[in-house]
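For clarity, chains are labelled A, B, C, D and E in written order, and residue numbers in each chain start from 1.
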Amino acid sequence: MLPFIKEAVTGLFSKPSTEAYPFKPVEAPAGYRGRIVFHADQCISCGMCERVCAGGAITTHSEETEEGTLVTRRFFLGSCTFCGHCAAFCVKHAIELSQDYHMVARTEEELVVSGSYLKKKPAKKAEAACAAPEESTVKPREDGLPVNDTSKCVYCTLCAKKCPAGALTVDRKAKTWVLDEDKCIACGTCHDVCPKKAIIM
Amino acid sequence: MMLANYIGAIALIVIGFYAMIVKHDIIKIVIGMGITDYGLNLLIVSIGFNEGGTAPIFTFGELTSGMYFVDPVPQALTLTSIVIGACVTAMALALCVRLYKEYGTLDSRRIRRLHG
Amino acid sequence: MTYEIFKHFPVLAIMCYFVGAFIVTLAGKRRMLRNVVAGAVMLISLSLLLSLVVPVMVDGQIITYWMGNWEPVEGYAIGIAIEVDALSLFFGLLVAIAVALAGFYSFRYITQDDANGPFFTLFLMLSGGVMGIVLSGDLFNIYVMLEVMTFAAVGLTAFRSWNPNAREAAFKYLVVGSIGSTCVLLGTALVYAQCHTLNLAQISAMLPGNMNPTMVFAFAMLFTGFGCKSFMFPFQPIAADAHGAAPSSVSVLISGVFTKTGVYGIIRVSYFLFRTMGLTSMQTLLVFIGCVSMFVCVTMALNQHDFKRLLAFHSISQIGYILTALGLCSALGIAGGLYHAINHTLFKGLLFLTAGAVLYATGTTYLEKLGGLARKMPQTAALFMVGAFSISGIPPFNGFASKWMIYQATYEKAAETGSIGYALVTVVCVVTSVLTLASFIKVGQSVFFGQLPLEYENVKETPLSMRIPMWIMAALCFLTGLFPDLMVEYLLGPATAAVLDTARYIDAAMGAGYAEIVANSTAYLAEPVLVFAGTWDPVSWLLLFVIVMCAVTLVSLAGRRSRGALTLADDAKHATFFGGEEAEFSHVASGDLFWGFKHNLRGYLNFMSRAHSGITNDYVVWGVCAMAVITVYCFIFM
Amino acid sequence: MEFLIKIVYILIFPGLLFSSVFGLWLAGIDRKVVARMQRRVGPPVLQPTYDFFKLLGKETIVPSCAARHTFLIAPYVGLISLVVTALFIPIGGLQAFGGMADMVVVLYLITIPSLAMIFGGSASASPFAGVGVSRSMVAIMAYELPLILVLLSIGRAAGGTYVTFSLERVTLYQQMFGSFLFDWRLIPAALAMLLVIPCEVGAHPFDVGEAETEICEGPLVEYSGAPLAVFKLSHAIKMFIMTALFCALFLGGISTGMLWLDVVIALALCSVVTLICMTLLHAITARLKVEQVFKFFWTVVSGLALVSLILVWFVD
Amino acid sequence: MFKKLIDNSAARSPWLFHINAGSCNGCDIELVALLTPRYDVERLGFKLAGTPRHADIVVVTGPVTAQSKDRVLRTIAQVPDPKVIVTLGSCPRSCNVFRGSYSVVGPLDKYVPIDVSIAGCTPKPEAIIDGLALATQILKEKRGAK
């Protein structure tokens, strides 16, 4: 009992440890993940943030206009977990979690952070190039083994990694693609995994 | 003579109480109550008795100064007491009948819905 | 003014009841006639006694009536006397009032029973018996009336054919009661053997100072006998059984009136006949019995699950107060005890009547089954609260006024004798009072408040003819508590003086100067002057209460416009808060209450519960043991 | 003139207005100082007053299955009887209506507000209230025993060769022979009384009946709006009354000759007593269980009071 | 006079009632943290009430689960007027990460109008103080409108 009394009496005559918050502003500590700030001009519409958001707080709304597509990205703080994934995944660092914690609102709209940017339509010429699909110059082999279209290949080595027989050797630096025909079993895995559809069978 | 009366009366009272305390059969308890009553009646009558006294209504002969009566009051008391005792017994037996009908037993240890 | 005419009133008051009882029997099944006769009888008797107030209480007369005009001859009372002094009249009035109110209540209440023919016969016999005891001046007469009363009471206890416990209760009552009767008769016989008279006045002139072992034994017997009739400590279980099983209006009589005859008997025996109250040992005995009765019964009451059984135990607990107060042998104590006697009759009567109303409306008095009746029977609930506040001594109701006098008396006694034991008596009194309050809160919570079980959705308020007697009792509870001064002046003062002044009683019966010639001492046992250790002025309290109430009302009226609304509705918003759950029936009733208390005293409470085993033989053992202990005590200390 | 002074007594000075204001102030400093003892800033001293007025402005909901009249009348009866009781307690020698009720009467009068709360809660038909009622009543049973022992000790000590229950005489006696607090025989009783006060008021650690975290404030669970405000006010006034009673019983001997100064000193003492027995206890203890409360009061506290009683009787 | 007094007092003594509608307890803990010496909302007159009947402000945490929905709504209904409903954290506002769960039937504004929402998961105690201050303001407005 006595130590408690002592504590109480000393407490009575010492300065209270209360922070005077509403009358004196308080900074959030470094690394605090607060209100989201969206730099719309840096966004490249990769959609990564939307895909990693756990709470489904990020939505994108696109609108076709004269100049191009007006993309609006909404961050609804009322649904946000402030995990910081979106910021971490954004290659362009367009999303930032500030130290502002005053996220109090009477209406839903006050809790929305949004930014929009215009995704310009590409030039006509490029459009034409896109429109006519390239004719592949490489013909598939008669024996059913794969053949590489060097114009498309980016030497990512994925085909070599996936090849079950180890028949493929790809050198990224030297930009070579070599097929050991003896080992190849013509399974077609390399064709399937090629991101650039450069392997033809 | 009188001492025997008193001893008898007290003995009857004690026997009555004994029956009421020890016997679990409610009829026997009623009998105990009766015995207590008889003991009391005996006691009261004995109180009024005077050695050699005449009956109080016996006034035909000459009333001499040496003559004395048996005290009539205790006899009256006894009469009243007997009547009351009979009534108590009757009532208690009536209740016993009802109790037997309702509980199916005369054992006082099992007639104890009201307890605690 | 001559009081010749008044001489005949007391005997008429007694006769009325008996005559009425027979006429009622003749009336048979004609209910109206029966009610009229019974009502008339009760009112006549009451008014006869009321008319005696002025001569006896105010002018201090003692009315003596010799049956058959057999007046005493040469200092020997040969006739049977009816002698009314202030004490007798005090108890007589109590009886008459309680009987009248209970009787009027019964007219309607008893219609529920199948065999209501003999009810009023027995009821009036009981009343007549009680009246006979308190007004009689003859010891054997008292015994006979006691038996008549016991008989009627047993009959009424067994009366309810649909109540399965009634016969059992009646049987136990009869058996254990017979111990009391035996004791009284034995005592009477021994006293007669010693004094050769049965007249109270003459005995009380001859006995004091002439104590021999026989008389000590006689005293012990009479004391135990009347104690049994007042259901003091070891006799309390049968009282609980009987009160619980009897119809409520009869419980009023048994608890409010029947037990008072025991108290009256104890006063007559120990203050008048033997004048033993001057002895410290006797005071100690009575106070001890009173305290034990008080505490044991109140704790038993806290354990009960039946409304009426609970009230029954309280009834003995209050008798404990009265006995304690009377055992003090001081003017304040006697006045307080008598005051509590009248209060007990009123508030316990009221409580039994409300219990009867609950039974009438719902068909049960089992606390766990009831609940929330205040919404259906608001008046009964209000009446119950008046009764509950009175019995637990909440100012300004009457229970407080008398308890307060008892506290002072006990504590003053402590100062007088220098014994701290009496201070502890005060403490026991106060604690008992609090426990009483607790058990009535239990009843309030279980029966009148809390949730209403579905099956009582259609319960109706009791009929007016049952409510009127209850309201009268409630009003009396309030008034007697409000004017303690008047009570002391007109009722308690004369009665107290009568208790302490034996000589006047003797002189009135046996002729002036008789007391001085025969009796050795006519001095007062205590000075008949009330000395208060404190002050309590209920009228001023009430005035202040009213003034403050007016002020609060004015303030709240002034602020009415700015105050929030008061809303009543039957929707989700106005449903009871159940932590968000949908309202369901979860009534916190009797058994669930006061856990902290019961837990701490569980050893004691379990023991007491087991001790009240319900086996007749056990109760007889208790009674006989009490008889033996009191006898031995008297032989050792007198 | 006499009548006017009486009215002033009733309505203004020790009566309605003053006891409310002072009670609320005591409740305020209690809350403030508890907070400071816990190194908090704490609410403003006027906080209980704000609470009171705010509650007046709220809607009063009467539960549909409550016993309506009892539910609504109970708080007012409690408040009024408390105010009346305040008039009977001498404050620094000022006796408003001291000659009308003695210590034992006051003991009973101060149970009326608790009873009002119990019956009000009971009438609300809530099971939480049912549990609260049960617990409040156990608390009353718990403190009544030591309280009567304390009062009896004082009654004996102030009676000289006799006994007295009169508060007036207790005060006079102390003015002549010094305060009872400085009488060594009565120190255990004073300690017991200090422990009884928080239980009577329903403050920490004995607030088993109104435990808001366990049983939703017990009897008050269904109260809202003005009746609740009245209950809160009663609670505050009770603090005033109990501390004033303590001052009258144990610190009644302080007399400077000037009545107003006496009164001011008495009121200051009231505040100090509040700080010691309620605030300090509140700050350093947690709520007891209900059976612990009962046991504590019937053993430790009653023991203390009994020691005093015995000392007063047998030691001169 | 009374009206002004009451209006002024209403802003100074808002009592909270806290309802957990299936929260992960994060917000609950932060709400309780407000009572600690560090934040001590009691200095602003706030108090946690034990029953909805005493409350002015209802603080709801957690996405409204199917089990808790009826209970929450009933309890909110039992708060006397004027009252303010505050959602604490993101969950009651939008169900947050629990959206789409078979057991979640929120958000709360499907059933009752929300007066103040405090975003955050969980909000910083200072933010809660802000929110409660806003709620108090609304309380005053509601009282004025009556």
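Worth pointing out:
Simple rule for what comes next: a contact is a pair of C-beta atoms (placed from the backbone, for glycine too) under 8 Å apart; a residue touches a chain by one contact, two chains touch by 3 or more.
Fair warning: this is a prediction, and the values are worked out from it, not measured in the lab.
Leaving out chain C only, the rest of the assembly separates into the touching groups A, D, E | B. Listed by label, the chains touching chain C and chain D alike are E. Put simply, the chain farthest from chain E by mean CA position is B.
For chain D, the chain with the farthest CA centroid is A. Chain closest to the overall centre, judged by the mean of its C-alpha atoms against the mean of all protein C-alpha atoms: D. Ranked by C-beta contact pairs, the top interface belongs to chains C-D. Between the CA-based centres of chain A and chain E the separation comes to 36 Å, rounded to the whole angstrom. Taking each chain's centre as the average of its CA atoms, chain B and chain E sit 82 Å apart.
The mean-CA centres of chain B and chain D are about 62 angstrom from one another, to the nearest whole unit. Note: centroid distance chain A to chain B, computed from Cα atoms, is 111 Å. Listed for chain A are residues 16-18, each touching two or more other chains. Residue positions 559, 562-565, 571, 573, 575, 577, 579 of chain C are each in touch with at least two other chains. Looking at chain D, residues 35, 38-42, 56-61, 128, 216, 221-222, 225 sit in touch with two or more other chains.
Chain pairs that touch one another are A-D, A-E, B-C, C-D, C-E, D-E.
Touching chain C in their complex are the following residues of chain D: 7, 10-11, 15-16, 56-70, 72, 76, 79-81, 83-84, 87, 97, 99-105, 107-109, 111-112, 115, 118-119, 122-128, 130-131, 133-135, 137-138, 140-142, 144-145, 148-149, 152, 155-156, 159, 161-166, 208, 216, 221-222, 225-226, 289-291, 293-295, 298, 309-310, 313-314. Looking at the complex, you find that chain D touches chain E at residues 31, 35, 38-44, 47, 49-54, 56-61, 128, 211-213, 215-217, 220-225, 228. Against chain D, in their complex, chain E makes its touches with residues 2, 5-10, 12-15, 37, 40, 42-45, 47-51, 53-54, 56, 78, 80-82, 143. Across the complex, chain C is touched by residues 13, 17, 20-24, 26, 29-30, 33, 36-37, 40, 43-44, 47, 71, 73-74, 77, 80-81, 84, 87-88, 91-92, 95-96, 98-99, 102-103, 108-109, 111-116 of chain B.
Those residues of chain C that touch chain D in the complex are listed here as 372, 374-375, 378, 381, 385, 389, 393-395, 400, 404, 407-408, 411-412, 414-415, 418, 420, 423, 426-427, 430-431, 434-435, 437-438, 441, 444-445, 448-452, 533-537, 540-541, 544-545, 547-549, 551-552, 556, 559, 562-571, 573-579, 583, 586-589, 592-597, 599-600.
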